[in-house]
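One chain, chain A, appears in both complexes that follow, with chain B as partner in the first and chain C in the second.
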Partner chain A sequence: MSNFKIDMREMNNINVIDLKGYLDAHTAPELEKAFQDLLEGKKFRIVVNCRDLTYISSAGLGVFMAYIEDVRKNNGDIKLSNMSPKVYNVFDLLGFPLLYDIAKDEAEAINKFNTLQY
Partner chain B sequence: MMAATMSTKMNTIQLKIKSQTEKLSFVREFVSDAAQKFGFDEESVNKIALAVDEACTNIIKHSYNYVPNKDIDIKIVTDDGNFEIIITHEGKLFDPQAIKPPDMREYLTHFRKGGLGMHLMRSLMDKVEYKILPNKRSEVHLLKRNPIKVGR
Partner chain C sequence: MAKFRKKIKNVFLMGSGSTLLLLVFLSDVAFRRGGEIGVGWITLLRNLFVLVAFLEFYVVIESLWQSGQNITKKLGFALVLTIVVGAASSLLFIVQPSGFDIKNYSLIPLGFDSIVWANIYGVVLSMTMLVMLLILRDIIFSRRRKGTSRNFIILIGFVAATALSTLANKSMESSLLASVLFGCSVLAIVLNSFRLSWIVYLSKREKIISIVYGFLIFCLSIGFDIITSKGTDTGKSLLFYSQPLQSFASTMALFSTIYFGMTFISTLFHLPTAEAFERKTSEVSSLHNLSRLVTQVFDFNELVDSVTTMTLEVCEAKSSWLEIIKTAAPAGLLGKGHRGLEVVTSAPKNISQEEIHAIMNFRGEALRDLVISERKPVVIDSVKNDKRTKHLADVKVNFSSMAVVPLLSHDQVIGILYATKGVEFGFDRDDVDVISAFADQATIAIENSRLIEKSLERERLMREMMLAQDMQRKLLPQELPRLWEVDLEALSTPAFEVGGDYYDFTMLDENHLGILVGDVSGKGVSAAFYMAEMKGIFQSLSKIYREPREFLSKAHDTLVGTIDKRSFISLIYGVVDLRCGLMTVARAGHCPMLFVSRKTKKAEFIKPVGLGLGMGSRSFFERTIMQENVQFAEGDIAVFYTDGVTEARSEENGEFGYEKLMEVVRSAVDKSALGVREAIVTAVDRHMDHKPPEDDLTIVVMKWIKRNNNHGKNISEKKDEQLQN
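What follows is the complex of A and B.
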């Protein structure tokens, strides 16, 4: 089996996805399914915690791209947190910090949702 | 892990895989191992592995349309400071010249969902070339130079 795992948590009306392992063309469909399930359940406030994410390719980035529009149309967001320098570099190479809210840690990402409620 | 600065000189090593995404992690390990032995630092090793992943993913997706039993050959050729990966396939040809590097801000603003792989490859490697061979084979050439090795 592949070295990739997704855990989901919900706290204070925010859904946190914990990614573990590598996110490439083989494992990206699992993340797609996770986002599909969240959106079907009308959960649009999402934090993706990348602390244990060891690798990402454009296939993984493409999953975020596929759902960000719908999530934001519904007044939600996908915020990313806890990226290693290696993973952040890939996001940065593609200019993702321009489009995505990338927080240092999960608490900061969750706080940003709360701030937006004002 | 210490990078080897003086290691057995590598000329050519080769890996053959079938066109399945589950093979990508093994390809990355194979390429990373070779790049480390060649003396690249960790950041360069990561860039090379990612670029090869992107190239193979494009072949699986676009050249072979996810048909899982096709061949992809990955050859690493080293010469002085040059570390070149040549990826050969027999799938559908696509014209990379038609895919211009996107203006990323505009691209992201319009929430485009494809074409990131090629842009990444060009950002990660020193040279990316596509060659069309006889008998329906094509090659993707990815080159990274190791400045430490030049002029030894």
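What follows is the complex of A and C.
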């Protein structure tokens, strides 16, 4: 499926991943690679902006779970932001809000990084 | 019958022809002893008789003629014919008949014997030339192109016209018309004499034969030109017999002189290229054979064997062998050497495996690497002097030049074909081309056998998959628990061969029914494995840890060590007390349970907090999971399901969603558990426009049918509510 897109930005030592479209078993490897690249580059302060994410499947959720441990071990975090109610519901069903910082918007997520030092 | 009629016809034609010729002979004896008959019409009639007789003979010969013979045989026949007629002419020379006197364009026989000899000689020579014409026709027609038959017919037309124009002439009389027509005939002869393309296709041996034959016939034909010309005694005999026949015979003699002269010369010029042509032909035919083998024979060894054998035969190589590379080199490794390659030597010809090993092990791999990285044939003209093979001087090799050709498939080198020759500079461009062609065939053979191997493997996997599907079906409950307190219905349809959805029931004791619905993340085989593990965990732990919250925590403990980081299992687990209709529900990241009250028609999603199984640490999971109690009254319905229901989507309608599920169940609340299940399935199917589902879909419906005192209220208590035992 080509209706999935990842954009990466870096601002103030925080890396923002913009997700767009349909994140499922077919497109999950792309996100996986994005995380891998960040970790290889020792970038552990990551915000995933889900504003344009329309759907996420269990395989997509699995990608976040695969990297959270490594990121936190390195005093970093993966924070999620700008979720639509529908996407939030999927994260919520699985209990993601218990494990992950889910912010209302990107600024809030970045702010959390800046105020709370790991 | 037809054969018999043909025979009769031939006998009649021969008979009448002979009779006509006899009549001519008798008339000659009777009237021409003293010289030419002055009256033109008698000459005309006599000539017509002769012509008709020969036409009849022609028809007979043509009907007995066999066209489909080998050209060299035809040439041999022509040679024999010319020799026979040459002998006949010589005989005439030896016998020395009295001869003729010329007077006013007329020939006057000087003796009776002259008349007899003229008759015999005229008949024999003309018949011979008739047969010669047929031979020439067959040779020219053996390779036809545009205009071949047209040109030949034009020639015959001119020859016939020349002959006919002299029909009424006296023996020595000549006309301008006849001369012009004769000139045209000569032009047509020259034109037809360029039809020599058959020479190209002769084998070397046949070419030599045709040079010898062509030369002999050419020489004899010159003799004919002389003996049929007007100036000689033999020519005069012919003229006396019939001027049209003399005209025909001399033109034919000229034709055969020119044509066989041309044959001789062009065969001579073709001789040096005969070998190359023969090789090309054998290349084409061996390639043809090979490609036929590739499509017909699936025996890999037999195919590579014929590849090296043909390389040997066609290129006259000293030895040949094939290397098959099992693991093609990834692009990044190119240039760094390919020591990791798995190389198998196959079908060595005239060389032992030991010799190949010796060659290849002693830095011979450099040669292999070169071919792999170049992906082009490499030719070593001199093994001794070439720096790429200089090292082979230390290894005893019995060849002096080498051709090394890669087997390319999708730009990957999957093998290498080697050929060697005993002489230096042994491989020319043609050799490399033909070896490359053989290499291509070998590539196809290797690809074919790999594809077959792959398809067998695929078939085996398919069978395994079917087995897995069957096994998985058996993991789901084969029958529903039969209880009078509740009406139960369940359905699970995997979207792929094996799915990740799971549901199960268990009786914790006689009063407590456990209902479990789950979904393993991902699909296919891995999901099915986790599901099987889950089944084991459920059946063993549910009876020990009776509280849903507790059970899910323990299940998490068990799973978290084995499950992949990216995977998780979402579960919802309800335990219902059959005595009072109180259900305790705990949820591990799964879709919430739908509860619909029959009395109030109120629908509610029961969604206690809880992480998916396999997520978070043990203590964190245990700390966060909650459970809720739900009180059932008569007719109340609980629906457990997987996201295959709520996330069923179509282009036009979007996702099925929770609201719609709620609506469907609410409007089916009076139906049985089966009725509710069918209502959901029908609604989802309609939503999907009857397309097959993309995800596994599982529905478990429980309808409380026991009339209990405790009716009415349903209790939804969050947090740590203890299950009453």
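Convention: the second predicted complex is superposed on the first by the 116 of 118 C-alpha atoms of A that agree within 3 Å, B and C clash if a C-alpha of one lies under 4 Å from a C-alpha of the other, contacts with A are read in each partner's own complex, and residues count from 1 in each chain.
Everything below uses one rule, namely that contacts are C-beta pairs under 8 Å (C-beta built on N, C-alpha and C of every residue); 3 or more make two chains touch, one makes a residue touch a chain.
Everything numeric here is computed off the predicted structure, so don't read it as measured data.
Considered on the superposed chain A, chain B and chain C are sterically incompatible, since they clash.
Counting residues of chain A touched by each partner, chain B versus chain C, the larger count belongs to B. Contacts of A:Arg9 after superposition on the shared chain: neither chain B nor chain C is touched. Of the two partner chains placed around the shared chain by superposition, chain B and chain C are both touched by A:Leu94.
Once the two complexes are overlaid on the shared chain, A:Lys104 sits clear of chain B and of chain C alike.
After overlaying the two complexes on the shared chain, residue contacts for A:Met65 are found with chain B and with chain C alike.
Looking at the shared chain after the overlay, A:Tyr22 reaches chain B, while chain C stays out of its contact range. Of the two partner chains placed by superposition, A:Lys33 touches none, neither chain B nor chain C. Of 163-171, 649-657 or 703-711, the segment of chain C running into chain B after the two structures are fitted on chain A is 649-657.
With the contact threshold set out at the top, residues 25, 58-59, 61-62, 65-66, 69, 86, 93-95, 98-99 of chain A are in contact with chain B in one structure and with chain C in the other. Touching chain A in their complex are the following residues of chain B: 21-22, 24-25, 28, 43, 46, 50, 53-54, 57, 60-61, 104-105, 107-109, 111-114, 116-117, 119-120, 123-124. Within the complex formed with chain C, the chain A residues making contact are 25, 58-59, 61-63, 65-66, 69, 86, 93-95, 98-99. Across the complex, chain A is touched by residues 519, 521-523, 565-568, 570, 588-592, 607, 609-612, 615-616, 620, 624, 655 of chain C. Touching chain B in their complex are the following residues of chain A: 2-3, 22, 24-26, 55, 57-59, 61-62, 65-66, 68-69, 86, 89-90, 93-96, 98-99.
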